[in-house]
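What follows is a set of structures to go through.
You will see chain A twice below: alongside chain B first, and alongside chain C after that.
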Partner chain A sequence: MIAETMAQGHSLLHRIDPRLRVLAAAFFSCAVAVFQTFTALSAACLAALVLLLVPGLNFRETGRRLMVVVWFLLLLWCLLPLTYEGAIAAKIGVVSIYWPGVRLSAQITLKSLAIIAVFTTLVATIPVNTLGQSLARLGVPAKLVYLLLMCYRYIFVIEQEYHRLVAAMKIRGFRPRTNLHTYRSYAYLIGMLFVRAATRADRVYQAMRCRGFDGRFHSLATFPPHPANQWFALAAAFAMILLVGLEWMD
Partner chain B sequence: MTTEAQAAPLISLRGIHFAYPGGAPILKNLDFDLFPGERVGLVAPNGSGKTTLFHVIMGLLKPTRGTITLFGQPVATEADFAATRRRIGLLFQDADDQLFSPTVLEDVAFGPLNLGKDREEAVAVAQKTLARLGLSGFEDRVTFRLSGGEKRLVSLATILAMEPEVLLLDEPTTGLDDHTRHTLTHVIGELDLAYVLISHNARFLSRTADRTYSMEDGRILLDEEVHFHEHVHAHRHGQVPHRHD
Partner chain C sequence: MHISEGVLSGPVLLSGGALAAAGTAIGLKKLDYDRIARAGLLSAAFFVASLIHVPIGPSSVHLILSGIVGLMLGWGAFPAIVVALLLQGILFQFGGLTTLGVNTMIMAAPAVICFYLFGRLVHGRRAVALPAAFACGFVSILLGAVVAGAALMFTEENFLEVTLLIVSAHIPVMVIEGMITVFCVAFFRRVQPDLLPGARVADMAAPQERNEA
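Now for the complex of A and B:
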């Protein structure tokens, strides 16, 4: 089960309108993704990491999430400087380290950390259900929103079905080995999960039709105003202008 | 009985045939009437077509032959059924099929919203229905984190919130503990609605159904001979849970 650890909280951030947070995170990520200069990138990364310090966030959890990216980045640092050829920065024996590789690795590092930090603080702190509703209010097509919400709702049911099937295999003495029988059994397992998911989808749709569903979803969500909303919007807009300005000046 | 006999049936099926693609016919020349105020139990072996019958009544499955009359109007097309579905509440066997919304309140309000109620009305109806089932305080609970019994009761709430005139309950007590079954028996017993109830639980049926039908060979038979009763008797090891065949 996906525990929404980040979404349970009462920090100032949690109380800001989720739509504003989604918008801010989206604009920030798009901008950071196209930034080239190190001034703008460093500033963005710094700003994002400062956001992590907002009181009320679970440090251990945010740290754990950042570490996932850090491992990926380490891998990049091992490969890119050696393979992306250009001006040589240093030579260790027969191995050369190239400038363009180092530059690219640094850019990717700053961009990834900035985007992950912003999404962790602004978006991961929204419960998935609220996220869906805010996306709907922001004009994201209803089909996409309900795809997200239904995935989230039924992934647990499908997971339970998976565990039941695995248990049924185990009690009949199934032990995975490297042989055709194992591959075939796993193929059956996956096939059966798809079949069950499909019949489940049929039944859910039938149940929805029985309750008068005609293809249009109605949402009950309301987003009460909060004084922090305006301050957050102002600060986010100011930060964005500053970052874009830094990128332009260089 | 005389008043029931004079009133027009809510549900009337005549000569219904149905077979799943590539399968043997499961409903054969089936006739069935449900009159206002009738509380009917349906007991029959697995695979005898009880759930199929419910889905035919709701228009989810199309019979190959036969006529369906709901509330005095013949229904055949999807548009006909769309209009009658809101007047008939079907409780599915698996509550996970029924509860798809993130929170309990949203799921219960889903039906009323589809019926064209505005937000305030839908929330009011949902809250009233939840309170009636003893589920006040469940509004913001996440549907997939409910227990099996809670899921079943919330499913019933989602149906009742649409204020149906007929209920079709597909094995409502399966897999419930004694406490939840008791609540459900109580709630269903209090309903002022006609309903058809599929159950294998004789004791539950004896408390909730006025008459019992069985299904055999694709048809519905009135089971006048079946009378559910409890009796007390003594024998050795009587305190050990057991059953008599």
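Now for the complex of A and C:
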């Protein structure tokens, strides 16, 4: 089942203004993506991992999510040090391990851990409805926000529809194999999903128009001032200056 | 098919982001308010359908479906795919913020190209439409792999091997996507042809025929 597991919670981070969180995560990710030096990258990664420890966050869930990245990184460590040629760091039998490969793997590891950890703790903790409204207030085009909210609202409905269709196929004895029948059945399944999504969209849109929809979602959500906001903004600004400084100094 | 965080260089990320933003702007301009609800739900269906794993021998691949999305939405594929990728990031951690642009280009640029190449052909006679649909599915993945490879190559020339690996590893996916696209297009032609926007030409002709009848 698709579930928005990170957004439920009552940690300190959940209380901070979502707009601030989005901005902080965006600046941090962009900066880390272009950093080169190991001091700045390690500091950034450390800062991001500290965010994971904020009390109240679902630690097991964030850990599970980071594992997706960790598997990719392990694969990278198996490939790059052996194929990315340059000065030889070590030789084990016929296999040689190259320095540039090790360097690059370490860089990618730090960068991706930092970026994903910040994204998970700061952005994935915002309920998507709220995220849409904060994006709108940050200047993202209204149409894109509308699209995001519609898509998000119906992902769960369409997933249920998908499970219903799959159950119907299974009842009729469908077992996926590598043959044309399987591909045809899956294609019809996907086609049916799209057809139902489209007809549902038309019905929903008519119902929305009947209720006076004029292209905008009027949000009742407010972002009340909270002392944590200022502290967060201050800390984020300080961390960013420190990280950029570290990168420049080297 | 997507590129992970932390791999690509700044200039590549920036140009990917800029191109994706331009594509999304065009897509949003072409989607009027009456069609956004539909695009949103199709995007949700694309999100769900891309979780399906199709068996191939002992292993399985998950579908990408950028060709079909391109046929259905044209330039609207850009905003639809941005939204789906952002939600994938939020719900599953498949990516963060910096690679959003490049990953959008990997799927949406081939989708739009396929729309222009095959959008009209899939409405032709079956003998033309079905091969065109196969080519659409095949080419969409091929182009996606090429864009992904180019992003890696511009980051680091030593990634040539990785690039070749990506393209060759996706050949089975290209064939499967081609077959799925054929059956899907055949299904749409029978069930709801107006899902493929080239059909609007046919739609315009239809009321006249009805009047005459």
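Following the convention adopted for this analysis, the second predicted complex is superposed on the first by the 246 of 250 C-alpha atoms of A that agree within 3 Å, B and C clash if a C-alpha of one lies under 4 Å from a C-alpha of the other, contacts with A are read in each partner's own complex, and residues count from 1 in each chain.
One rule holds in what follows: contacts are C-beta pairs under 8 Å (C-beta built on N, C-alpha and C of every residue); 3 or more make two chains touch, one makes a residue touch a chain.
Bear in mind the structure is a predicted one, so any value in this text is a computation, not a measurement.
Visitor: Just checking: does A:T109 make contact with chain B only, chain C only, both, or neither of them? Give me first, second, both or neither.
Guide: second
Visitor: Let me test your reading of the model: by the given contact rule, A:H218 touches which partner, first (chain B), second (chain C), both or neither?
Guide: In the superposition, A:H218 contacts chain B only.
Visitor: So in the superposed three-chain picture, is A:F72 touching just chain B, just chain C, both, or none of them (first/second/both/neither)?
Guide: second
Visitor: Between chain B (first) and chain C (second), which, if any, makes contact with A:N129: first, second, both or neither?
Guide: A:N129 sits against chain B, while chain C stays out of touch.
Visitor: More residues of chain A are touched by which partner: chain B or chain C?
Guide: Of the two chains, more chain A residues are contacted by C.
Visitor: Could you say whether A:E159 touches chain B, chain C, both of them, or neither, answering first, second, both or neither?
Guide: So A:E159 only meets chain C here.
Visitor: Answer with first, second, both or neither: which of chain B and chain C does A:A26 touch in the superposed model?
Guide: second
Visitor: Using the touch definition from the top, say if A:L147 reaches chain B (first), chain C (second), both or neither.
Guide: second
Visitor: Can A:R15 be said to touch chain B (first), chain C (second), both, or neither?
Guide: Once the two structures are laid over each other on A, A:R15 reaches no partner at all.
Visitor: Counting only touches as set out at the top, which of chain B and chain C does A:H226 meet: first, second, both, neither?
Guide: neither
Visitor: Which chain A residues come up in both lists, the one for chain B and the one for chain C?
Guide: In chain A, positions 128, 149-150, 152-154, 157, 200, 204, 208 sit in both the chain B and chain C interfaces.
Visitor: Quick check: in the complex, which residue numbers of chain A touch chain B?
Guide: It comes out as residues 128-129, 132, 149-150, 152-154, 156-157, 200, 203-204, 206-214, 218-220.
Visitor: Okay, in this complex, where on chain A does chain C touch?
Guide: Counting only chain A, the residues touching chain C are 2-4, 6, 25-26, 29-30, 32-34, 65-66, 68-69, 72, 79, 83-85, 104, 107-116, 118-120, 123-124, 128, 131, 141, 143-144, 146-155, 157-159, 162, 176-178, 180, 182-184, 186-202, 204-205, 208, 215.
Visitor: Would you tell me which residues of chain C are touching chain A in their complex?
Guide: Spelled out, the residues of chain C in touch with chain A are 4-10, 13, 24-25, 28, 31, 33-34, 36-45, 47-49, 52, 54-57, 63, 65, 68, 72, 79-80, 82-84, 86-87, 89-94, 96-98, 156, 158, 161-162, 176, 179-184, 187-188, 191-192, 195.
Visitor: Which bits of chain B are touching chain A when the two form their complex?
Guide: Those residues of chain B that touch chain A are 55, 58, 60, 82, 85-86, 88-90, 92, 94, 96-98, 100-103, 105-106, 109-111, 113-115, 119, 122-123, 142-144, 158-159, 162.
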